[in-house]
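Look at the two complexes coming up: chain A is in both, with chain B in one and chain C in the other.
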Partner chain A sequence: MTVIIDKAALKKKYKKVAYYPGCALEGSAMPYDKSTRAVGKALGLELVDVKDWNCCGAMEVKNVDPEVQTYLSSRVLSNAQHKNKMDVVMAPCNGCYKNLKEAEYDLEHKDKSKQVTARISEKAGHETYEAGGVETIHALDWIKMGYGEDELRKKIKGGLKGLKIANYYGCMYTRPRNIFPEKAEGAGGDSLTKPHYMDDLLAVAGAENVEFPLKTACCGGAHTLSDSDMSTKLVLNILEAAEAAGAEVIATECPTCHSGLEMHQIRALKRLSKETNVKVVYFTQLLGMAMGLSARKVGLNGNISDSRGLMKEKGII
Partner chain B sequence: MAIHEKSLIRPENLITHDNLVIDGVDVSGDWSTFIRTRVVTDYNEALEDEISALPGGELIHRCWQCGSCTNSCTVNAENPDFNPRYWIYLIRMGMEDELLRDKDIIWQCVSCNKCTTICPRDVVPEGVMKATAHWLELKGHTKPSNSTIFDEVFSDQVIKYGKIEDGEVLKDFLKESGQPLMQDWIVQMVKNMIKGLPVIQLMKMGWATVFHPKTKDWSKARDAINEYVAEEHAAQKKALGLDEYKDAAE
Partner chain C sequence: MRSVAELEAYIEAPKPDIAPVKLADDYLLVGEEMLIHWLKAKDLVPTEKEKEGFRILAMHRQGCKGDPSFNACRETCRELAYYYNLITMEPDSEDIASRLAMMDMVAKHLVLFIGGKMQEEQVGEFCCSSKVNKLNREEVESLVGVNNG
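What follows is the complex of A and B.
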């Protein structure tokens, strides 16, 4: 089946969306939250925070019980639909994005998920979310489809001046495949095996995207603290591959990947004496700077990986 | 008679002759392919059913041993002993003793879902890894892994408050898993983090650690979740034939 993407309709639909920042963006990933809001504002895309939201379950609750994770994510979708009266919810965090998509899938296909979600929602005293109520999108979809590259090009002031970027999407933007049917539809959409939406946006912003083979490799984020030695090895693979590909910056679109890369870059130096100098920056920070927003406005000073020197040297800030 | 491949080439099972000449032909060396005939009797016939009864393990019966999971596995690339296909085989054959040889590494699955994405039979190998790790802990074969400790610290916060605070998760996890907070790399990370931050943001972060972020009107959801989890865990205990079940939510 081939679906032809109606770009004009999506542009209208994504102009005003419910925003689900999630726990990480209110904590360690504050710069991602700050830059996402700043870019949205500069592009005239409106964000309405999901009312009284809760954690989606991240990568942990499913291991205590997967149906509880489905319930947690369904409550976010229910609030967006019934309390905010919105039909699209945007999540910049890959973990949140994947969990909301997975809840959507499970509530459509699994009887047990439907029963448990109905039971807990009823006892908790809110509307039970039913599949098809809202559409979950990532911050990449939001900018790529809600604003568009042609329009974005006009907003670039200064640009990224040929900054060499390795685009890193991590695991949960494309896996498991069954919950992202739209990514297997071909032309116009994103790809399950070679995602490109971030590459597309940053190319418009004036970056030189390097050929990076580990776009969807795993950083070991689920075990970033519980199996740090494994995570350090996996992160080091990614950092070294990016440097070998000539990248000055790794662009990220997931707070778990981002902080994993930052943490284990330091840990690799301390524990394995392996030094890498590639900087780790959220794609929204890069887009914001390309549009002329200040380093402070996109929270560049809040990153553990300090890229301010590089950005100044390149004349980006 | 079913055999299982790895045991054939284990050093203690190799038949070796340093100096063997038969009919004038030198056939010295390892005779692993001419292994003794034997019968395997120590099956645990219930093993597959037990794994299937735990969340994530439900679809293990679909596996046809193509090996795509192991071939795509992130952890296998770092440690060849981490072998999902082989463990699924052992579970389906009921080879509990063989499975237990690898009991201390099964929890290391990083949930990257490459296996689940590539599996042609929708076995959800990632789920099977989690179910197997839980089975090992429930049966008392292993202590709770660091992964389980982290999942519990994290989930406890989510169920109690509706949200987590990442500094508190870090602190509680290191305490529960018996690790020091002041490790060189953590100290360096915090130093780098606060270096560029304005005072107002540092105050915000401090505020969050003292006053835990909470979801409004959460208490009824919390109670309903706890009630459901207790029921599920009791049902799992029953399926595994256990008298004492250590509730993960405790």
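What follows is the complex of A and C.
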């Protein structure tokens, strides 16, 4: 069955959303936070920070106790629903996005998760989150569906001037598939196997998207702690594939992938004497610059991968 | 069948003067052999079946049952099949060199990912989790061999 997405309804629904930056966007991924807020403001999309938010459990807590992980994510959803009185939470980090979606799924399908969440919520003295109260979306959904490509086109000023981009989504934007039922809905939705929302938005902004076969491949992420060399090799392969595809920039939408690409690009040079020159830039930074926002306003100087020379050379800033 | 180390060495080595179709066959075989290593390490008999015309896709599906993090290479397997089709169906295409280069990197990613995952399997999950945290100190030390030296 093909489901037609009601774009008009989503546009209305996503115009004002609760914003869950998560820990990374307040630390290593500050440029992602800065550019997300700047782009939202420029597009007239309103972000209301989730009140008193906490860590979603990241990648660690589930190994110690998966139900506690579900609880932690559920508390964010509960606060958005009960303290902010919102019905949509936007999480730009793939890890947070996935954890919140997974909590939603577990609270709907797993009795133990429901029981543990209810017990800890009561002890902590806040309202228990119940599945279905809040919809979690990614920054890509927020801009693509909350604003729309046609409207976005009108907001583009200088544009990206044919900048060649490899769009890198990482592995958590589409995985595990059972928690993203909306991605399999067909016409108008994003794809589980070939995601394209970032490609769509940056094409509207004037980029030339290259064919990039590793757009959802593993970046080595958490493995960097137990075997950094393996992570460096995985990242190097992604960087080399992007360059071979003709990309000048890798656009990212996940803070873990982004910092991994940036840091292992340097490490690959130091440890393996392999140099790559492709730049790593958040998609919100690229969109902001295309809309005429300054490099400073989108936090370009905060990236480890310094793309300011390239952006000047291309006439983007 | 080649060992994981031999497959890693093959994928790193230069490959001059090999006909495109033969090279595409080789890359696909590298991927299949890595999947076979993964399945055997889990005490499974690698399926002979095909999914969408490819054994590698059937083996990937078999290999991710009960191990969702293995799905992180789902699209890598699919890309390998995609480039195999492109190259073998149009061996004289003017894009053949770039297609082969891409298939090479996709195969390399699969080798690195599965190789890394197997290497760490006993002491921690490769992707986004760490089994170590769930084990007590004695179990960890016995797994990583700290007490053996």
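Keep this in mind: the second predicted complex is superposed on the first by the 316 of 317 C-alpha atoms of A that agree within 3 Å, B and C clash if a C-alpha of one lies under 4 Å from a C-alpha of the other, contacts with A are read in each partner's own complex, and residues count from 1 in each chain.
Everything that follows uses one rule, which is that a residue touches a chain if its C-beta (ideal position, glycine included) is under 8 Å from a C-beta of that chain, and two chains touch if they have at least 3 such contacts.
These numbers were taken from a predicted model, which means no experiment stands behind them.
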Side-by-side fit of chain B and chain C on chain A, or clash: clash
Which superposed partner A:Ala244 touches (first chain B, second chain C, both, neither): second
Partner chain(s) touched by A:Val64 [first = chain B, second = chain C, both, neither]: both
First, second, both or neither for A:Met230, with chain B first and chain C second: both
Dominant toucher of chain A (residue count), chain B or chain C: B
Chain B versus chain C as contact partner of A:Ile304, first or second or both or neither: first
Which of chain B and chain C A:Met263 touches, first, second, both or neither: first
Partner chain(s) touched by A:Met30 [first = chain B, second = chain C, both, neither]: first
Touched partner set for A:Pro176, first chain B, second chain C, both or neither: both
Partner chain(s) touched by A:Ser191 [first = chain B, second = chain C, both, neither]: neither
Which of chain B and chain C A:Leu214 touches, first, second, both or neither: second
When the two complexes are fitted on chain A, the stretch of chain C hitting chain B, from 20-28, 56-64 or 92-100: 56-64
Contacts on chain A seen with chain B and repeated with chain C across the two complexes: 59-60, 62-64, 171-172, 175-177, 217-218, 220-223, 226-227, 230, 233-234
Residues of chain A touching chain B in the complex: 23-24, 26-28, 30, 52-55, 57-68, 71-72, 75, 116, 119-120, 123-125, 171-172, 174-178, 192, 217-218, 220-223, 225-227, 230-231, 233-234, 262-263, 266-267, 270-271, 300-306, 308
For the chain A and chain C complex, residues of the former touching the latter: 59-60, 62-64, 95, 171-172, 175-177, 193-194, 211, 213-218, 220-223, 226-227, 230, 233-234, 237-238, 240-241, 244-245
Footprint of chain A on chain B - complex, ascending: 55-56, 74-75, 78, 108, 110-114, 116-117, 122, 124, 126, 130, 134, 145-152, 154-155, 158-159, 162-167, 170, 173-174, 177, 184-185, 188-189, 192-193, 195-198, 201, 205, 208, 213, 215-218, 220-221, 223-225, 227-229, 232, 248-249
Residues of chain C touching chain A in the complex: 68, 71-76, 78-79, 82-83, 98, 101-102, 105-106, 108-109, 112-113, 115-116, 119-120, 123-131, 133-134
